[in-house]
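Each chain gets a letter, A, B, C and D, in the order it is written, and its residues are counted from 1.
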Amino acid sequence: MNRSVSEGSLVLLFFDLRRQWLIRVDSGRQFHTHKGFIQLADMVGKPFGSEIKSSLGYSFWVLRPTTYDLIMHSARRTQIMYPKDIGLIVLKLALTSGMQVLEIGTGSGAMTVAAATAVKPSGHVHTYESNAEFADVAERNLRRASLSEFVTIHRTDANAGIEGSDFDAAIVDIGDPWTVIPIVHRALVNGAPAVSFSPTMNQVERVACTFRDSGFQNVQTMECFVREIRVETGKTRPVTTMVAHTGYLTFAQKALKEA
Amino acid sequence: MNRSVSEGSLVLLFFDLRRQWLIRVDSGRQFHTHKGFIQLADMVGKPFGSEIKSSLGYSFWVLRPTTYDLIMHSARRTQIMYPKDIGLIVLKLALTSGMQVLEIGTGSGAMTVAAATAVKPSGHVHTYESNAEFADVAERNLRRASLSEFVTIHRTDANAGIEGSDFDAAIVDIGDPWTVIPIVHRALVNGAPAVSFSPTMNQVERVACTFRDSGFQNVQTMECFVREIRVETGKTRPVTTMVAHTGYLTFAQKALKEA
Amino acid sequence: MNRSVSEGSLVLLFFDLRRQWLIRVDSGRQFHTHKGFIQLADMVGKPFGSEIKSSLGYSFWVLRPTTYDLIMHSARRTQIMYPKDIGLIVLKLALTSGMQVLEIGTGSGAMTVAAATAVKPSGHVHTYESNAEFADVAERNLRRASLSEFVTIHRTDANAGIEGSDFDAAIVDIGDPWTVIPIVHRALVNGAPAVSFSPTMNQVERVACTFRDSGFQNVQTMECFVREIRVETGKTRPVTTMVAHTGYLTFAQKALKEA
Amino acid sequence: MNRSVSEGSLVLLFFDLRRQWLIRVDSGRQFHTHKGFIQLADMVGKPFGSEIKSSLGYSFWVLRPTTYDLIMHSARRTQIMYPKDIGLIVLKLALTSGMQVLEIGTGSGAMTVAAATAVKPSGHVHTYESNAEFADVAERNLRRASLSEFVTIHRTDANAGIEGSDFDAAIVDIGDPWTVIPIVHRALVNGAPAVSFSPTMNQVERVACTFRDSGFQNVQTMECFVREIRVETGKTRPVTTMVAHTGYLTFAQKALKEA
């Protein structure tokens, strides 16, 4: 990792918890905020973590974006999975360097970014997205995160067929996963884990039952909440509003029947 | 990854969501449950995902444990961080293959297992634990997870000094992180992220303020909840009880002051 | 209200937050606990709020039970609604002294106790329970709470017909409320509020749609969570486990169609 | 209760869950919305629950406001307690017709409205508010809810002294309850319950300890969450955002020491 900002670096320009931006460093540009503008050229050559002053004299910080930031600042055309969900998926799918991951429903690529981060440099994510506009957005998000080489976006409907087999894990994020789950079963290595993300209550039971009926075991559904705490000396308290719901996660593992 | 169970494999023996065990395959042993016993020798040579019958004829499944299972089935002497917390940490710390991670407070090693999984094979976790009993348990958990080569357990108090520098991320999980946070600041690469885990409300404000006073920016505190859904046809509903609290997570990034 | 404990009083015998009992004072009896026994005769004539010593010298407190305690210590044969749910219902149904309330599905009578407390002395609760065992338990819970005179338990199926009309509010807590909701509509005063309690996700959509289709407006579904905080000096934190789910509450108000 | 809307009635004009207003019927006025205007004179004489058409032909409903609506539509100058909190308080304080309630910190009067609804017609709420602007707002909210006769607003600081004694329950909602809690202890009947509402984590431990040190027992702190579910056929799911926090509730009961 480069320790200093260079032309073209992706940085998190941080003012406070509510005002922060993911930007690409382009020396010819200024970045305007309510607290004055920043000359992006001023960042070049500085170590990450450096303070930088706006035209009005306010302190901003040039931080290295984390996976969390890449997700939360994704360009998006779809509802995205949130870090609270994605973090659980990374652990339940045991994602680690070298794995081959199948994703059906790239959407805006938030999950794809995290999966690629988990399996690189020797692993790969094969992701399917039949909506061209979504695929374009995901492609840009992956390029911005410098993860394109670890991902292949297949711009087709997974129901029409999956390239390859023996995937180590699978992620399904489409509205009607019923027909795709049996395809996922065939594409996975024996015993490999899978997850399906479902925004509605109506989908939950059907997804879980489809997993069971398609030869999966250890089918477990959960939902995750995150609440921020606003720390202010003598007045520390949870924030006033929070995300109430993104979706339900249903996990499963591919099983084999006895001969 | 081996696709079949062999002598010495670590497996998740699965009966249902409430009855599952993490066990080491030893052909000479039987594993006893309320549904009869399993001859462990019967598993050897079978693909992961295989069904196996107990002495009473019940179906069990031999699954490959995921990171989630390794955490939830950790041997433990301490309160552990849960997957809901660890998943967020992995994303907020941008853990990925090749990173050098500093952990202060190994505890039972649940977080260590996930960190090692995220940074292997080319990265490494240096973890400090002054309590010998905890260090022993963590060592066993890491060995069981086949992750020992990616972790060095330092059996000393981090306040006495940290070996190495230029860490890419840091995790603090001790009751009194106040003196350690400045040490963490020095040990990190500029701009690198850190997290501190605090079970009590009393710690939250003090941890966040200590981060700020020690030269960190982007200090953000959050807590995470997970609720399981019990899927049963026509009677799907959230479970009756859930974990209400493990701890508060305070994240930060190392900043530099302008010269 | 009597300010002192007398023979036959219902008291909350309090040791700590985990060890407390709702008991009827009977001078001839002892009450045994792990901290020694209490001579119930010792309480008689003492003001509520008094300390009392067990045979082993431990301090217990003789408290007046609140509506919350009557609910949480209900004898029960069924899943009960919890104070978190019941409190919301009292406000959403605008329960107040003098109201006539219709309840379908008495269950163990936890909600009935709160409704009677809200509408007494001039109001009344008419509650329907076709299961004789549940009705018996509810009757005992109401008698114990000294609320019997404000409640009539109808031991019949509400589908067979409701006595009376012009109810000011209605509470439905049965597994299959579909046929009863139109009956509730007819039994209510115009504009009056109603609620249905549903443990499963499957019921939620159907209940809300049945309300709408039966001539209700302002149909709103919600769920409620309560988390306790354990206060200990310097170690204050949320408790470890909490109730994850009791049921979903669907509220509605009886509407009229234009002629 | 009047079953029909009359001149001066308070009504909930309902379009949908997001668009509803609490208004006073004044025949000379029109009420304007994005869906056209309503002639308020059209409502007079209609039963509650009636449909009414806007100038653009949209259906609105004239509903009777519940306690929940009075709270949620309160005029406010302060953060208010929400129905989720107030409902629990009503049950934990065993509020019922005839009780004398002491409230310190009227704020905008949201809790006062619910307390008066619970204790009327024979009970009374004595509430203290030293901020004249808050007291004015609370007075208007109570008048609008037709509850003024059941409440006395004392426009003084409770630290300067409380009128009366032998209160059956007490509610404290001020930023610095430390000196007031002993005053509350003296003002309550033996064994009577009290609650203090605290927005910050810093207050929680101190409030609970102050209760204990001031002679209260059964000191219990909790927080409450409510999540709405948006029911749409085939797409039912929790809403996207929710209130993350209003405050912590600490309950206690007045105890006596043995002579």
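Quick note on the criterion: contacts are C-beta pairs under 8 Å (C-beta built on N, C-alpha and C of every residue); 3 or more make two chains touch, one makes a residue touch a chain.
Because the structure is a prediction, the values reported are computed rather than measured.
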Answer with same or different: of all residue numbers used at the interface between chain B and chain C, are over half used by both copies?
same
Tell me which of B-D and A-D has more C-beta pairs in contact.
A-D
For chain A and chain B, let me know how many angstrom lie between their CA-based centres, rounded off.
21
Quick one: chain A and chain D, Cα centre-to-centre, how many Å?
42
Could you check chain C for residues that touch two or more other chains and list them?
201-202, 204-205, 227-229, 234, 236
Listed in rising order, chain B residues that touch chain A in their complex are 1, 3, 12, 14, 17, 20, 47-51, 53, 61-68, 71, 83-84, 86-98, 114, 117-118, 120-122, 168, 189-193, 201, 204-205, 208-209, 217-231, 233, 236, 248, 250, 253-258
What residues on chain B touch chain D, complex-wise?
201-202, 204-205
Sites on chain A touched by chain D in the complex:
199-202, 227-229, 234-245
